[in-house]
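Below, chain A partners chain B and then partners chain C, in two separate complexes.
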Partner chain A sequence: MTQSSDASFKSTADLPDSVGQPLGALLLSLADNKRLLGIRYADWILGAPTVEAGIACSAMAQDEWGHARIFYSMLKDFGYDPAALEHERPASEYHNSEILDADVSSWPELLALNFLWDTAISVQVEMLVDSRFEPIHYKVRKLLDEERFHFDHAHGWISRMMATEDARAALRDALGAAWNACLCWFGPENDDVVGALSDAGVVSGGSETARSRWLERVGRFASELDLAEGSEGAWTSAREVDWSDWSRERRRRTEGGPDEDSLARARGDRNRSLLMD
Partner chain B sequence: MSTNGSRTGLADEQIYEVFSRKDRADRFEHIGTVTAPNRELARVYAWQTYDEAKWFEMTVAPRDAFTAVNLNQAPFTLGGSPPVGEGSVADSDSPPGYGTPTES
Partner chain C sequence: MIGPLPILEPSSGAASPRYEQGMNFAAVLKETQGGREDLPAPPDFDGPPRDLAERARRALYEVADPELPISVLDLGLLAGIAADEETGAVTVSLTYTSTACPCMDFIQWDIRERLLEENEIQSVTIDTVWDPPWTTARISERGREILGSFGVAT
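Presenting the complex of A and B:
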């Protein structure tokens, strides 16, 4: 909390527009990313290398969908219609990362999402744990308990695959392809959404802080794959961040959105007739 | 069925035994197994596979860590075998608990 002397926000009604608007934008980004990440995990329930890994993908998919549901339902108090958000938007209005737009074709690519992207989202969520916006505390703590296992899953698999040269090369390609999108997601240094939230004590730091925390988590393996450099506790990206074509509003590359199949699944199109609420 | 690589054909995998209890006052129960290449993944797999209860505590150990006491076979295998000293198996060279689990 950056402004510990200030009172906390007990409900959304207490939030000034200058805070409510960016917080809504951040929650929508978290919700869409978790919804699509859940779909990517679900794609591997039957195709994972072992039965146990398939079960893990199933559990992680369910976790992500549950988390997305929590964030979508919170958005009701931010002036959004959760049912419309979940079931009626076109692809161009989704705020998920471009690396989740289509299914991934290999296990190393899924591990890149598991290790880099899932961790990026969790780092941003962790920065809400001590938020001045109190209603979010309980929700994010429970969510982060589940996310520990997602990180350990990715970490355990990557440790194992680092041992063989072929697997290592596949990881280098897969993590390399996801790297820039993850760095960008935290926002540029002067990001207005994260900046406003950080100034108001709603998130515990700005985009540079979030990016550094993410690099702390992924830096060791990333450095072994030439993506990061430095040393423990002080990792930096070995590649310059490429901001071209990045949309501040959608927190992703400007063009595109979930592909047709992903969109239908994200919205639950086939289940529409069963919708009760 | 051998202890290593039993279900996946991957040489670095081994079976871990999973124990859990619902309450601090409960004893641990053996609830099943997972096959994993390392302890980190064994933890994750166990937690995500045996999620039927809100466990107070769960722990895993590689099957190889267990030593048979009275039966002349590795623990946690299905089907019985004679106690040590009462069957022909006991006369074999391998010490109890370190053999390949019997086919069931």
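Presenting the complex of A and C:
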């Protein structure tokens, strides 16, 4: 620690390399995950079980894209070209979770993204609220105001579906399939890259803290589906975390990236001819 | 009313569409002019503006939100305004009702157009800020009355 506890980083120029590089990577991961999550929400605008749920998906998709744009634009100061990031990367350079690579085929699977994944992202964003990196500190509160409604939406639907045995079984499968990806996303325990961000006060806590906060949010329902165990305030995963094929750099498992259709939508390929100069 | 949108071609001479220059909404927006005709008149001001920043701020009563019959000022989008009396440079700090506000570019365009109508203003810079976050508490009393008269609850 070279900074006193109350000093803040006014811009990227103030950040040591050991902090700037991983912070840029974190922002890129947040941006890509939000962009792809927005596409997954958008897939359900017309196919949700109720008209109201479709409208909610539309609103959530729009939020995610707004948030993604904020993060992409911030990356300019980290040496990236935001326009190239948004419109020109191949799938192998995306840093979104593998669970967002392709469309999901059922409403319970979409709820798994809404409840587990969207919450995981928001927990990580919450840990930037008190960031000593001022440009982030001044952006994330509005974004989190909006995310509260995403959690309420997921929570409401999951409560409702837990009431019937068939729906509960479908939720168990869907949340179970997304569970490991969420646990991994916060990074391995004692990860030195996450630790550097935490030590610098740029992120308020390491990977274990983030994972625990996420479990606090999702633990009660997850325990009813045998994914978590413990009690309120002290939930742990009922499953061992599987770190095989985990890429710390891309914060995802497996090679590859968004499928062809998702990539075209993420980059706006079909919109290019309409873009005005 | 806006007629059918024109078909827009990528600019001539460019090898590919260019993103970094941002969009030029001139063709689409010429007719909106911030919807000024439909806006309620600005409030009665107490004397002439005391400085350039105040002059600019008053002018924003004539810039409408693209979705509501209310000025961007009454809606509470203005987070700050600064002006250089010598150079005529005005810097506007704006926030929006949501991070995914689809109208950001429209609003910025309308504000720039309106401010540049003032002889004293030579250039306009618009910064986006998200803190403090916009909530309905930022809508002015006047704004609440206007929205209420249109049946919009605040």
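Heads up, the rule we're going with is that the second predicted complex is superposed on the first by the 266 of 277 C-alpha atoms of A that agree within 3 Å, B and C clash if a C-alpha of one lies under 4 Å from a C-alpha of the other, contacts with A are read in each partner's own complex, and residues count from 1 in each chain.
Criterion: a residue touches a chain if its C-beta (ideal position, glycine included) is under 8 Å from a C-beta of that chain, and two chains touch if they have at least 3 such contacts.
Treat the numbers as computed from the prediction; the structure is a model and nothing was measured.
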Check the residue A:His67 against both partner chains and state whether it touches chain B (first), chain C (second), both, or neither.
second
Which partner, chain B or chain C, touches more chain A residues:
C
Look at A:Ala13 in the shared chain and tell me whether it touches chain B only, chain C only, both, or neither; answer first, second, both or neither.
neither
A:Thr50 in the overlay: touching chain B, chain C, both, or neither? Say first, second, both or neither.
first
State whether A:His155 touches chain B only (first), chain C only (second), both chains, or neither.
first
Tell me, which parts of chain A touch chain B in their complex?
49-53, 55-56, 58-60, 149, 152-153, 155-157, 159-160
With touch defined as at the start, can you tell me which chain B residues reach chain A in the complex?
7-8, 10, 12-13, 34-38, 40-41, 43-45, 47-49, 51
Seen from chain C, its contact residues with chain A in the complex are 8, 10-11, 14, 16-21, 23-25, 27, 95, 98-102, 129-135
Counting only contacts in the complex, chain A reaches chain C at residues 62-67, 69-70, 81, 83, 86-87, 137-143, 145-146, 272-277
